[in-house]
Structures are given as C-alpha cells and as structure tokens.
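Letters A, B, C and D name the chains as they come in the text, with residue numbers starting at 1 for each one.
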Amino acid sequence: MAQEKELRAHQKYKKRSSLGMVWHQLKKNKGAIIGLVLILLVIILALCAPLIYDYKSDIVKNHVRERMLFPSREHPFGTDDLGRDILARVIWGARYSLAVGVVAVMFALVVGVSLGAVAGYVGGVFEDIVMRICDIFSSIPSVLLAIAVVSAMGKSTINLMIAVGLASSAPFTRVARAAVLVVRDEEYVEAAKAIGMRDIQIIFEHILPNCVSQIIVQATLRVGSAIISAAQLSFLGLGVPAPAPEWGAMLSSGRQFIRDYSYMTLFPGLAIMLCVLSLNLLGDGLRDALDPKLKR
Amino acid sequence: MKKSVVVLSLLMALFIVMTAYASQDTITIGVANDITTLDPQASNTDANMMAFTLTHETLVQIDPETGNIIPGLADSWEISEDGKVFTFHIPDGVTFTDGTPCTAHDVEFTYTIAKDSSFANAKVSDIVDIQVPDDNTVVITLSRANQEFLLLMAHRGMSIMSEALVTADKTEGPWVGTGMFSVENWVPGDYISFVRNENYRGGAAPTRRIVFKLYKEASTRLIALQTGEIDVCVDPASTDLAYIRDDENLNLIQVPNVVMIYIAMQNEKPGLDNVHVRKAIAYATNKEDMIFAALNDEGTVHNNYINAGQFGLNPDIHVYEYDLEKAAEELELSGYKPGDLNFKVMVDKEFKKVAALILMEDLEEIGIGLELEELETAALKGRLNDAALDYELCIYQWTDADGTDFTVRNMYGSFEQEDGTLKKNGSNRANLKDPVLNAMIDEALVEIDTEKREQEYFEIENYLDEIVPIVPLWTSFVNIGTKADVEGAVWMPTAKHDYRLIQIP
Amino acid sequence: MLIPVLLAVAFVIYAIMNVAEGDPVYSVAGADATEEQLAALREEMGLNGSLIERYFRYIGNLLKGDLGISYVSKQDVMKIYLQRLPNTLKLASMTMIFATLIALPLGIIAAVNQNSWIDTLSMVLALIGLSMPNFWLGLLLIILFSLKLGWFPSGGNEGFKSIILPAFTVGAGLAALLTRTTRSSMLDVIRQDYLRTARAKGVPEKTIIRKHALRNALIPIITIFGVQFSNVLGGSVLAETVFAWPGVGRLVVDAIDQRDIPTVTGALVMTTMLVTVVNLLIDIVYAFVDPRIKAKYTK
Amino acid sequence: MNEKEINNNDKILDVKNLSVRFETEDGIVRAVNGIDLELGYKRTLGLVGETGAGKTTTALALLRLVQIPPGVVECDKLEIGGRDIRELSTEHMEQIRGKDISMIFQDPMTALNPVFTVGDQIAESLELHEHLSHEQALERAGDMLEMVGIPRARGKEYPHQFSGGMKQRVVIAIALACNPKLLIADEPTTALDVTIQAQVLELMNDLKTKYDTSMIMITHDLGIVAEVCDEVAVMYAGRIIEQGTLEDVFKETMHPYTEGLFNSLPNIKNRTARLKPIMGLMPDPTDLPAGCAFAPRCNYATEECTKKVPELKAVSATHKCACSAYEREGFHIERRAKK
C-alpha cells in the first residue's frame, strides 16, 4: 500500500525527458557509465561467443582426463569436473543468463503492464481482482513460487523463464496501474475518449507512454534480479538442463568441489555478480536520469 | 547353531557391561538421505533401513562376516524336507520397546499385512499359509521351495511389528519394534533420534542415544565431521576423501559397495527394441571415464548383471569394451542410420548426470542423439514405476542384495497375467519379458545342488549379456568417515549400516 | 480480507502443484505395487475425484486447520510445518536484526556525510550486496569462516553460533537494500523544513539525527521491511539448503524433491499466511511511528 | 570568548560584508553578496525583496544554519547581542540558537515534525535551554500555547491535527519559548489565508512588545512591512539596494527597484490605476551581470549601470541607496516626481 503511494508520488514528479536529456544526465553519473560499459561488454561477449568458441567442441565436449585443472595459461579459469574450459563456458553462459533474464522480464513486463494498465483503466471489480492477485503473488516468496512452477511444469529453459517471469510480474502491474490512475482522468484522455478512440488504443497510445520511463527502470533492475532468481533455481537443480553452460548450473555443479576447487564456483559466481552489478548501476543511473527529483 | 547364539550374546553382554557406562552418551551420525518413514513396510530406501535396524528386528538376520543366516527374533527354525514349510521358534520374554510382549501372532500379523504393502509384497508373495500353533511358534507354508526365503525374511522390510499398536495407530504404530532402540524424536528433514531400550533382552546397547542428522550437502557433512559436530559422516564426497585420510583424528572406512549402477533401457521403445542398438549403446559406454569423472576414480567397472558379491556372479562374463567402431558396426547391423535415433536419458543425482553427459558425447559420435532429463528422485521413480512406462534410458541403481534370485527375478523377470500376457516385475526397468529367461530363473531358484545352481546363474548372466537389456556401469565404495575412536558399528557393503553397537569409549 | 486472499493463494498453489505431470501415486508406491494397492493408495492420498472436487475438499480441511498428510512421511503436514517454523522464524528474525544493525547506522552515516568517502563506500558495498547471489555468498562464507578460520559451524542449528553465517547470507541482500533505503529516506528527511526548525531551536545535531530525522526516516524503512519479509523467507530457502538449516524453505525444497504435494502446498499456504500476518503487524508498527496513520485507524 | 564585549554595544545585530555562495556542480550560486545589517534593541527590521533575492539565506547565515558544503559563508563581522558568533563552536552555537536568536520559517505546513506532539516540540527548546524537566517544560509549553491562543490541552496533539494558521501559531510559540533577544520571521504569513495573516501578525506584534524582542521580518509584502517594521532593507540579487527607516524607504523612496515594488501593489485610492509589475526576471544567481543586477529590468538604466556594481551610499543619516543613476545630475525616479 505504501509502495503504491510512493509510486504515485513518483508519477507526480515525473518529467517527460527526451532521450538526449536522459543521456546527458546519465553521462554525468560515473556508476551508470561503468554499468553501461560493463553490460555492453557482457552483451558483446554473449553475442560474439560463437565466434570465439564452438559450442560443440569447446563448450559441451568432455575432456575427462583434463578434469579439474587449476587456472593456468591454457585454461585461465581452469576446467570443470568434465574437463571443460570454464572461461569458455562462462562466456557462453552469458548468453543463457542474459536470455533467461531478459525473456523472463519481458514476459513479466507484458503480463504485468497489460494487466495493470487495463486494471487501472477499467477499475471496479476487475481492478480489485487484479490487485488482489498481485498481493497474493507478492506474499508468496518469489523463489518458492518459481520453484513450485518449475517443478510442476518440468525443467526446461522456457519453463524457467516463465517461472521467473511470473514471479516478478507483480511490480510491473503496480507501476502500470499507478501510472494509469494518475492520468486516467486527465483532459487529453477525456478528449481521446470524446473523439471515439477505442479504450485499448487510449491505453497504449496515450496512457502507457507516460510510464515508459518507470517501466524501463523497473525492467533494467528486474533483469538483474531475474538473473539471480534463475541462478537460484539452477542452483537448486531446477534450471537450464545440462550440458548448457548456464552460470547458476555451473555454480551448482561446482559447489561439491568448493573446498579444493573453489575456482569452479568463483568464476561463474563472479560473472553473475558483475552482470547484475552492472545492471543495477545502469538501472540506478537511469532512474536518477529519468527522475531528477530522486537524484541524490 | 544354538551355541553360536549363546556365545555371541555372551560376548555382546560382556562388551556392553564393560563399556556401557564409560562411553559417550550420544553419537551423532551425519546422513545424506532423509528418513522418510518409520514404517518398515512403507519404503525400501537405505536410509530408512538403517532406522529399522535400530528399532526393529527380523525373524532371522544375515551374518555380515559370513553371509550365513543367523537367529534374529526367532532363536531357531526348521525347514521341511520339500523346502516349503518353515517353522520359526520365538523365545519367551521378547518385548516391544514399549514393554508389551511380542508373540508369534505379531509375526503372523506382520507377514499378513505385508501382502498389502507395495514395498513388501514381493517378498511374501510365495507364502500361502501362516499358522500360529502357540505364542512361540509360527509355521509358514510356501507355494514352492524357495532357496532364498530366509534371506528375504532377513530383509529390514520384513521387520516384525506389533499387532496391537499397528491396529490402534496406523501411522505411528509401525514405528515400534523389538529392537535395541526406540524412536525418541523425529523432525523430518532435520534429524531423528533414538534412545536405547534399557530392557533389551541380552542387555542394552552401549550408547544411550543415537542421532541421525541430515546434511544433504556432502561437503557440509564432512565439514561437520571435521569440526566435531558429528561423529560419523556417511558418504563423503569422493573428491574430499583425502581430508579424512590425512586427518589423524578421523578414520576413513571404505567397503566395496555391492550397489550396481546401470543404464536401464526400456526394451520396448522403438529403437531400443533392437538388440543391435542396445549393443551399440553398450559398446559406446565408456565406463572408465564415467568412473573417473563421476566418482573421482573411486569405483570399479562392473560388467555383470547381478550385484558384486552375489552368489552366481559370472567371473568370465563377456565384456562390451568401450569401442566406438564396434558400436558403429552394431548400429549399422540394426538397420538404423546415424541420426535416425534420438533418446532421452533420465537422471536424478549429480554423479549420474556426469555419467550421462559422457554417454551423450559418445553416442553422438556414432550418430545417436541423447537428451538429458534431470528429474527429482521421487519424480524419476514415479516415471519408472508409472504403468505407462514412458521412458527410454535411465541411469539407475539396484541396491538390494537379498539373494541372486531376488535380483534376477526383480530386475529381469516377468510374470504371467490372467490373460496369458507377461507383465514385468516391479524393478524390471528394462521391461524385459522373456519366457525363456523366466524359466531359467525359476529353475535356478529350486535347484538344491549348489554347484549346479551357480552354473545356472552363470548361464542366466550369459543369456542376459547376449540380449543386453541394461548396461551395467560400476560399483563403487561405501565411504564412511568417522572419528578415530568410533567403534562397534558394522559397515555394510549394501550401505545399510548397523549402528546398534556403535560407541565411543 | 485475509480469508479470501488465503483461499485464492491455496487455489493458485493447489492448481500449480496439481498440474504436475505424472500420477503422484507412482512416486509413493513401491515398484511392485498392484492395481489394487495403487487404488487404495490413491484413496488414502486423497487423489480420487476431479481437481475441483479435491480443491474444495482441501479448502474445507484447510479451514479446519488440517493441511492433510504428507505423502512421504505420512505425518500431519501442519505438524511438520510447525516443527520447522520456529527455525525459519529464528533465521528470519536474526536476518532482520542483523540487516538492521548493519544497514541503519551505515545508511544514516552515509546520508549525513553525503558524497563523502564513507558514503561512496557504503553505497558501493550496498550495490555489491544487492548484486551477489546469496547462495554463492553462503558458500564463500563457509569457505572463509568455517573452513579456513573455523569460527562458525558450516551447518546445523546448534546454538547461537550456527545461525550467524546463514543469517548473514540472507541478510546481506536485505542489508544492502535497507542501507540504500535508509540513506535516501534520511536524505529526504534531512531536507525537510522541520529539521531546520529543530536546528533553529538549538537542538544538537546528534539529537536531530537520532530523534527528529530517524523517526521520520523509519517510515519508508518499515515499508521495506514489510515488502522484504517475503523475500527474506525466499532467501532463506537457499541459505537453508546451503547451511543445512532445518527450516520451512528446505522443507519445501525437499518436499518438491520427493513429490510430496500436500507438504509443498501446505507449507506455501502457511508461508503466505505468515507474510500476510507480518504485513498486518507492520501496518500496526506504522501507527506507532507515524501518528498520521494512527489517527486514520482510531477514527 | 568575548565575554566583555557582551552588552557593551547597543546593537542586537551587527553584520558586516556578509556573503554566501553555494558551490554546486551546476556552478556557483551567489546568494548573498556582501551585505551589512544593523539592528537596535527592540526594533524591527523589514527585509524586503522578491523570491530568490537572498533573504532567507541571509537569515540562515545569521543563525549559522547555511549548509556547508555546498554553502560558503564569508563575513567581516557577525555579532549578536555584541557577541561575535563567527568562530563559536558548534555546541556553543547550539546554545545560542533558540535562546538568543530564533527563527520562524516560511511554511508552517512543513515546519513542524509530523511525528511528535506540538507540546513536545515546544517543550524541547525549554528543556534544552532552560534545563527544565520534561514535565516542567510541557507545563511551560502549555503556557506558550495559551499565549498564542491555542488551548493547552491541544499540546498532546500532532501537527496534522492543526490547521495552517494554528500551525503557524505553534511555530511562533516554539520560536518565542525561550524569550529570544532576536527573532527572525521568514515570511510568517505567506502560506496563510488573508484573514489568518492579520491575526498572526497582530499576535507577533503583541508578543514582540511584551517580550521586548528585536525582530527581522522577512517578507515580500510591503503592507506587512508598513504595519510591523521600524526599519526597512530592500534586497535584490543578494545585495541590499536600499535601506533606511520605514519613513525613509516608504516616503523617500530612492531606488528604482523599490519604486517598482510599490508600483506593483494595487492602489487602494485609485482602483482604476493599472498595476505596473516589474518586467523581466531576477538574474540567474549563478551568472550575475557585471554591473547593477537590476539594470536589465530598470527603466532608468544607462550604459553606465551595466559596467559597475553600484555602492550602497548614504543619502541621509539613516537612509542608504545603491543606484549609480544618482551620479547623474538631477536624476530622480517617477514616484518622487509625482509628489
């Protein structure tokens, strides 16, 4: 409830900023730039991974007799329990972690925003029901919810994305609804109604653009937590199926060797942290840039 | 027979008297698997079996040293000449841990309800009649002579329960047996504690209280042993064994394990119904690499179709050595082209996953696709047991070692249904329905001449090796880390250890 | 309001858990189960009837406080849950105390010394805390404090020492979030006119921060507590797994592993209820801190 | 530290060359640029100017409440009751605030701490400065409430239960609780309804007389100045541009800006006369013009005015004005011409 109040407050102070303004603000924020550079680096690595390493021969091929080699010049991050090069797998892993994070958040965004926007616009019983469902989803710890969903639907990358997405859609619903509530009765919306625009059109053309900035900020920050959630599920053995080099799964299979071969958990863990850290930095920066009122 | 009982119990009594009051009060055992039930007829996991060893008794038991049958709850027994009628004598003064007496009626009750248990019914399926002429005698009649009936009765799943208690409370009644310990407190998923039965006939156990504490993570469990939080660490990670070897305060116990890990193949699935495909898979299986990667080389290649150490194990069995060329040849013989076949392999534990990943790569070499399906243990078991039999490959294990017949019958046997068709036995994961094999198994079971019987089992194994219903992979070691001064426990190759006499003086 | 929410939660969880593929009876029965045994077991497990029928039966029992019987241990799920709950509450409250002890002072110091090195440092730490997967942190803590230094046990729940590492593992993320919230909330409050009033009265700076600013800054911090309680419970799932802490989180993970649907459903429903109740309590705490809200309630 | 200096001076306030600037990332904001202020005991000074002229910053600087950084305060002399407070320790300064000098802030809506009762908030300064126990202080706080016309029982209530005017009375009660020698009132009535404004002003006037308090009344409302003040200082862009007795400034207006202020007031005598607001905006304090800051908006401005900053020059014993136009022979503003 208090969160809603906060969101409405955001709304009031929100200033429509052009892309240039945002960039200008963002440029001044050292953290955000570091975050941006890092995440771009991760994205580039993820995109270029197939150029550097071949999936079949470098990522999933076992070299059992070279298992668990400590980091060396040949294997800068060492090798895992099947003799696979960890550096190659960490780089390829970016593809999985980013994909899971981004798709899950897209899922959450589409589900959450459309539900929230319609709820705010239509109001009444529908709104009540949607917001109640939101409350429910926020009362179940998201990890537990995701675990339940994955275990019910079976383990697969898609199900992992859906589970994580489902568990993080409530915040988007809230943001969208709050945004709609603020502008629902504004004159230009009335005007749009008066000239006979369809409700769905009004929502998407006139109302939602008002909360785009908040949604972007939410999404950026959520991708980070989605990556962590996915890693948690993988850690519990409910994530991307082997032999795919997902970071959480790598951590999970490395944890049994943590005593003597801690590098096996160190590097994937670091990768997750850096990736999430850069997303957080960027998200914070974006929020400050889009919402000067909150700037400290 | 009677003499040895007397000697054994005297020794035990002496042992107990000498040490009972000087030893550590509570011994905590770090276990890997949770106790899931305290009802002997409701499960067959190793973890539960160890609890039943403490709390319950079976009519007879197996001497871990010799493999002979020795008295348990029954102090003596007779077998009729045709091998079908067993008469057990139960001594006076046997009581359940709650103090109520245990009589032959309780034995009858236990074996009768076993027929309704989906876990115990296979063991009592040959029983056609149970008579109780008096409180101390129970007479059991079988439908056929069974050379291994006593072995089956020694199984922990046949632990004797109290008729009165079970009738009164279906849930907690089965917890009470005539064993040396009784359940003190059970917090599922955390720990279970047992306290000794001070009135156990022949004397109380040396340690007052035994706790099984659950540590799912092998590394955490070992750390707990090293920091002294627990006294025994069952099944430490194979990569961590050096920590125990190098620590003078700790003791590493390694018992060759009889548990067989194998690749189950659903023999009726398209592709897998072709013996050449199965042979191709057998040739493509690199057992050495699997052991190296999945077990840190702490294991032994297993090529037989019954458990290591079992009667009738064929030492000269033909071996499908890892050979991708031969595998490719077999695939060609099958008529399938490389790329035609794609299978799924189910696994539940991390080490099985590693083995599956190695198999995946080799099969890919010869043109058979393999997809990994990781399932939770219970889900995997559900899939295997489901009447639909909707699975292809699975890396699974056979843990029971209650006689060769029990193994071959359960793993490869089938039975005739009313409509004349064959139905696989419960643990026949290959879904093998072979009347010839069934006849061979039946024949071996009733064979009285030991040498001949052994030969018959050799032939059964050779037969199996021809049709390759499964690919046996390996046996490993049962590893246990203990504090150096722990003694008295009996470490079992089946991993169902006997902690009754464990103590730290 | 509580009851309908719970019913809906029960429905959502019940539905999710019951669409799982495969007949749960097979994962409970032995390999040699006959058709009759399977049928009897289905009956015993309450698997007969349609999903809706079963759901209403479940709800009926739920309202009586009966969560059913575990498929695996055949024990009352409510009993199992209540056995674990104290451990989870212990961990959750330690986590919160822990996070508060770190975050409040850090956030306040950062806000009061805005843009100083200590501010930058605590913000960097908070960001790292937010970005670190907690189970990884748990593993690192075990390596350092349990294996290398031997200060704390690596698992179990014997004594105060064993709660420190898990609480820190779960608490790090919360502490990070709280530090950020405290800082921004304090910065907000520090700019308020009423602090200037207090300064103009000659109230010493320390008192201004401790008394005037903090009490106001606490309001959004309490909100975070409410929102985060469910996340703390979620985080403890991982920590409980890593540290062998026998709480509700591990109960659920194990139950899922064992396909023990009544236990999973029961534990999730009860956890949701717990979160709802805690949020209610937090609303009450609000009233104590913020007279404006108190007024609303008393009216 | 300067014990003997205390009271050997007839001025409650003596400020020389006070400057305040804020160094932010967007540039240096020059809020106050070298002003002198003096105020005798029991007298009231009106500090007049538009929003952003630097009035509030000046007041805060007097209490040493300007936030440093980003603020930088420079000053040749800052004496209150004859005591130089520039170098006083923080603790010492805290003892002076609320006791010797106190301040009423602009917006009563936000000036009260929402989580404490008004009684507590009044009592707090009494506890601090008069070392009363909490009970005694609450008792006195009740007296104060009654004095500002609020039943003492309402001391147990929270700010949100009060209306705007009532809140301002509470703020006044807080400020006067310890009988300060100097009271700075920063637009105390701006946020209030017109009817309430009058009540509050009357109350302040009464209390000021009763307690012999000197006062600085910060306002942009010349009407209030006329009602309450003895002396007037007009500020523009951080400088005092005209200063004198009420009489001097109102009757003998010198500075074009002051004239502008008067012209933008509605004329009660001539309701048909159009308002003549001052055109343009105050200059950006980060980028003040080289010459007279008012020149860009000034009707009389010449080339000369944009070149150098005019000095505040004495016109009479009490009246000062900073306008270079008077260097031109025979210059006068329109307002004076009308007479």
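The rule is short, and it goes like this: a residue touches a chain if its C-beta (ideal position, glycine included) is under 8 Å from a C-beta of that chain, and two chains touch if they have at least 3 such contacts.
Bear in mind the structure is a predicted one, so any value in this text is a computation, not a measurement.
Listing every chain that touches chain C and chain D alike gives an empty result. In this structure, the chain pairs A-B and A-C differ in their number of contacting C-beta pairs, and the larger number is found at A-C. Chain centroids computed from C-alpha atoms place C closest to the centre of all protein C-alpha atoms shown.
For chain C, the chain whose average C-alpha position is most distant is D. Measuring from the averaged C-alpha position of chain A to that of chain B gives a distance of 46 Å. Centre-to-centre separation between chain A and chain C, using Cα means, comes to 21 Å.
As a whole-number value, the distance joining the C-alpha centres of chain B and chain C reads 40 Å.
Chain centres here are Cα averages; for chain A and chain D they lie 53 Å apart. Contact of a single residue of chain C with at least two other chains is seen at positions 142, 147, 241, 256. Looking at chain D, one finds that none of its residues touch two or more other chains.
Shown for chain B are the residues in touch with two or more other chains, namely 217, 376.
Chain pairs that touch one another, listed by label: A-B, A-C, B-C, C-D.
Across the complex, chain A meets chain C through its residues 1-3, 6, 31, 132-133, 135-136, 138-145, 147-149, 151-154, 224, 228, 231-232, 235-236, 248, 251, 255, 258-259, 262, 265, 269, 272-274, 276-277, 280-281, 284, 294, 296. On chain A, the positions that touch chain B within their shared complex are 60-62, 64-65, 67-68, 81-83, 151, 155, 237, 241-243, 253, 255-261.
Residues of chain C touching chain D in their complex: 192-205, 212, 215-216, 289-292, 295. The residues of chain C lying in touch with chain B in their complex are 22-24, 26-34, 37-38, 40-41, 70, 72-75, 80, 83-84, 87, 142, 146-147, 150, 153-158, 241-244, 246, 250-251, 254, 256-260.
Considering their complex, residues 217-219, 237, 239-240, 243, 289, 292-293, 350, 353-354, 357-358, 360-361, 372-376 of chain B touch chain A.
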